[in-house]
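In what comes next, chain A is part of two complexes: it sits with chain B in the first one and with chain C in the second one.
Up next is the complex of A and B:
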């Protein structure tokens, strides 16, 4: 089921193109939106939440056109990257104000604000003015206002920025809970390992266009021109290296006898792993660790942006 | 911290509040003394009924003049209040990014604009029209059998017309300045610079080029409008043609509101 469909979507700011030609489909669950600075991430998010009108192409969010669609706004929760708060208000007051603008009564807005702040675990300092909050507390307030009206789609721009490790863990857990509840979540971030810890389903845009979409591992496989790099730690690293160099699919091997490790490049990772298992079963090389060095999001990102 | 935030509120509203109390008391005293004092000019040689009518007419006229004079003098305070509370409305939202949260709610830009305009208009009305209402109520209650209310009810409508005209202009100017400036202080400066500049231009052009150019000053225009609305015969004014004053005031008001609305419509969400 596609909840968000963009076709040849573009947005210009005068002579500057914020988004050039983006065609993408997003389904339920958590999707990570990544891209370098100037890729057009904020523009795409603002188009989704209906704050900008597309210059070209079409966009459908939850089956409706989002621009200035007030009914749709009730079904979307948005947390912008900027702080976007009135410093003199406290957390409850701020979330309550935004809920009142969504049409809730004072009583219900207060109740929902309290629940949302509980959910993001902002227990202390709720009655203090927001200007006295730490960056992490402000992030939680932003998240609280985004989830307070129980939206179907959550659009979060850099939601983990400024959070300490505990706060990050809490927010990741919360987002996972929301995804489990059936919410669709689109998370934009330039901190790749954060996105990776949240989802393996990514959307990579660069210079206003879609560069790749799907599971990180699947995208990596498509990049066949880049050999896969594997790091192995083995007691008999030199012998293992010699044995592996006889494989057709192994292109290069660098041995570090001091650390008992070796790094190699292979053009066919699946075949290499199968043969590696065979030789390890046949002879004991003392392999204690084997890991892919470039199946992570960061490596895929680097390759794609190159 | 709370006191610091409330200090401007106290300073801007306490003077009009005290002045309203004093004037209300004076109006009350006039009515209370009505029976004790018989003005010679009216009552000396008249019958009892005629004396009563004459006394009442004098008191009503005096109370009416109190309301008009006081109302006209509250202009500067309402300008201060509107400028203080309104100058940050757009630029502070833009600086903090709060409009991003506003526009992700079921709220159109027109709702947002009208909300801000009505909010700042309300603050202005408290100082501009509020005192006139209070004094009118006091005069009505103090007069025998609501005579002041029955005979002078039009003064309230006139005061309302004047307040709306003045506040529409001031709110438009303040919101326009706020939509143009990057900081509240700059917007505040812009409002007072415009006011001062318009008077300076009128003072230079009026006497030397054409006396109708006095109408370039907003304050002189409001003087002429007050003269017409309150029918203040014989009062001094710089702009002699009321239609010219009305034209200038509503042109500026339209221009300011259009400018602010246009700035808001073209506001880029992605900076």
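Up next is the complex of A and C:
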């Protein structure tokens, strides 16, 4: 069953193409929309939730054209990417207001707002104005207003941004629960592993075009042909570099002793990270920082585009 | 959701939002200008003040109706939609099952209440200062009782019309305050004070007509000290002002129901 069908969907902003000839079909369950910054993810999502009109092609969401479609909006929950709120209201007040605009009575809206905030685990600070909230709390408010009216389709634009690890875990768990409840969820992210922990169905877009659609493992296979790059800062960078070169999965290593840093390429990132965890635990090389240079999808997409 | 219910919910929400905003403080300051200037003039002219009619014309017509009310209406009226766009919260409203036009009407009505309260209070207090001036300066006859009512109605009409026009401008433009300032200072103030038929293109002309056509004391003072008189009839003036308000709101609703908002992430 297709809940969302886009055919040759295009959206232009003057001379700039936001989305070009996108033809996709999305069914029930969780679908990850991934792409680097500027790929056209927000444009696609805004077309889905009826904020924008397509410049060309067609789009059907739950069987309806979405632009300014009031009937459809009852069935959709949207958490936008922008960090925008009614800052003078508290979390309950904002979610309650939006619920009242969805047709609920004051009393019912208040009850539902409370439940939605419970569900996103925003327990403390509910009575404070949102403008005093941390980024993570604000993300939870956005999620709460999206799920509070129990929509069939949830469209979430970068819902994990700004959340601490515990917050990410909570949100991922919540999305999984919602999916188990039969909701259709379209979640965008520019970080592959975030989406991967939630769903195996992904949609990759880049520069406004569909690059790949399918299971994560298939995409992974495409990516595994390319080495991953990792940057490490360590007190004994030279010794660490020599030790790492003995690992089978490490293909190249460049050491900068002045900055106590090294950059390396590995053909098996998971295995390498597992071994690095042991090295860090032993504290023998004074590792203070380690980051994947390919964490951003820009690099991944560069590989795929090539 | 019905149009009326949505309007009522957004009206209440916007009232709260305005009261918590810096805009309200700014509006209060602008509304205080005629009162402050009038108080100052009243104190300075303890012994030999201007005739109360002239005082009223300057303070209420030139300062309040030509400057303060348009400014307050601009600050609050243009925010009806533009504030949601600037704050990027309009996404939440546009993805709810509500008539888009109700966003403009509900929020404009809340703004109108604020503009009305401030402009009427400012008008009333300024009039009282003028009346007090008349009482002290015994050589002047007392002001006719119905002038205050007429002035209050003109202040209310100015609030209604200007706030509607600026709310509508806010649905068309990204920076409505700049456009509103240009409109107020160039078209309204400039054209309204030029002799000739161009005056009929301004809101000021109809407000002036409505005020002066049935207050001969003010009309005489106006003719003597400021400008010649070329007025519409009060009924024409009233119908024009109401038509401008209605047309502005219809255009605003029409625009909002079709507009796509490109908000930065």
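Everything below uses one rule, namely that the second predicted complex is superposed on the first by the 220 of 306 C-alpha atoms of A that agree within 3 Å, B and C clash if a C-alpha of one lies under 4 Å from a C-alpha of the other, contacts with A are read in each partner's own complex, and residues count from 1 in each chain.
Going forward, a residue touches a chain if its C-beta (ideal position, glycine included) is under 8 Å from a C-beta of that chain, and two chains touch if they have at least 3 such contacts.
As the structure is a computational prediction, the values presented were derived from the model and not from experiment.
A.B. asks: Quick one: chain B and chain C on chain A, clash or fit?
C.D. replies: Taken together on chain A, chain C would clash with chain B, as the superposition shows.
A.B. asks: Per the contact definition in the header, classify A:53: touching chain B only (first), chain C only (second), both, or neither.
C.D. replies: Touch partner of A:53: chain C, not chain B.
A.B. asks: Going by the contact rule set out at the top, does A:125 touch chain B (first), chain C (second), both, or neither?
C.D. replies: After superposition on chain A, A:125 lies in contact with neither partner.
A.B. asks: A:68 in the overlay: touching chain B, chain C, both, or neither? Say first, second, both or neither.
C.D. replies: both
A.B. asks: Mind checking 24-32, 114-122 or 150-158? I need the stretch of chain B that runs into chain C in the superposition.
C.D. replies: Answer for the clashing stretch of chain B: 114-122.
A.B. asks: With the touch criterion stated at the top, can you tell me which chain A residues are shared between the chain B interface and the chain C interface?
C.D. replies: 13, 42, 49-52, 68, 70-71, 73-74, 76, 78, 80, 82, 84-86, 88, 98, 101-103, 145
A.B. asks: What does chain C use to touch chain A in their complex?
C.D. replies: 1, 6, 9-10, 13, 16-17, 20-21, 87-89, 91-100, 257, 260-265
A.B. asks: Residue numbers of chain B touching chain A in their complex, please.
C.D. replies: Contacts found on chain B: 1, 5, 96-98, 100-108, 268-270.
A.B. asks: In the complex formed with chain B, which residues of chain A make contact?
C.D. replies: 13, 18, 42-43, 46, 49-52, 68, 70-71, 73-74, 76, 78, 80, 82-88, 98, 101-103, 129, 145
A.B. asks: Can you name the residues of chain A that touch chain C in the complex?
C.D. replies: It is residues 13, 42, 49-53, 68, 70-71, 73-74, 76, 78, 80-82, 84-86, 88-89, 97-98, 100-103, 145 of chain A that touch chain C.
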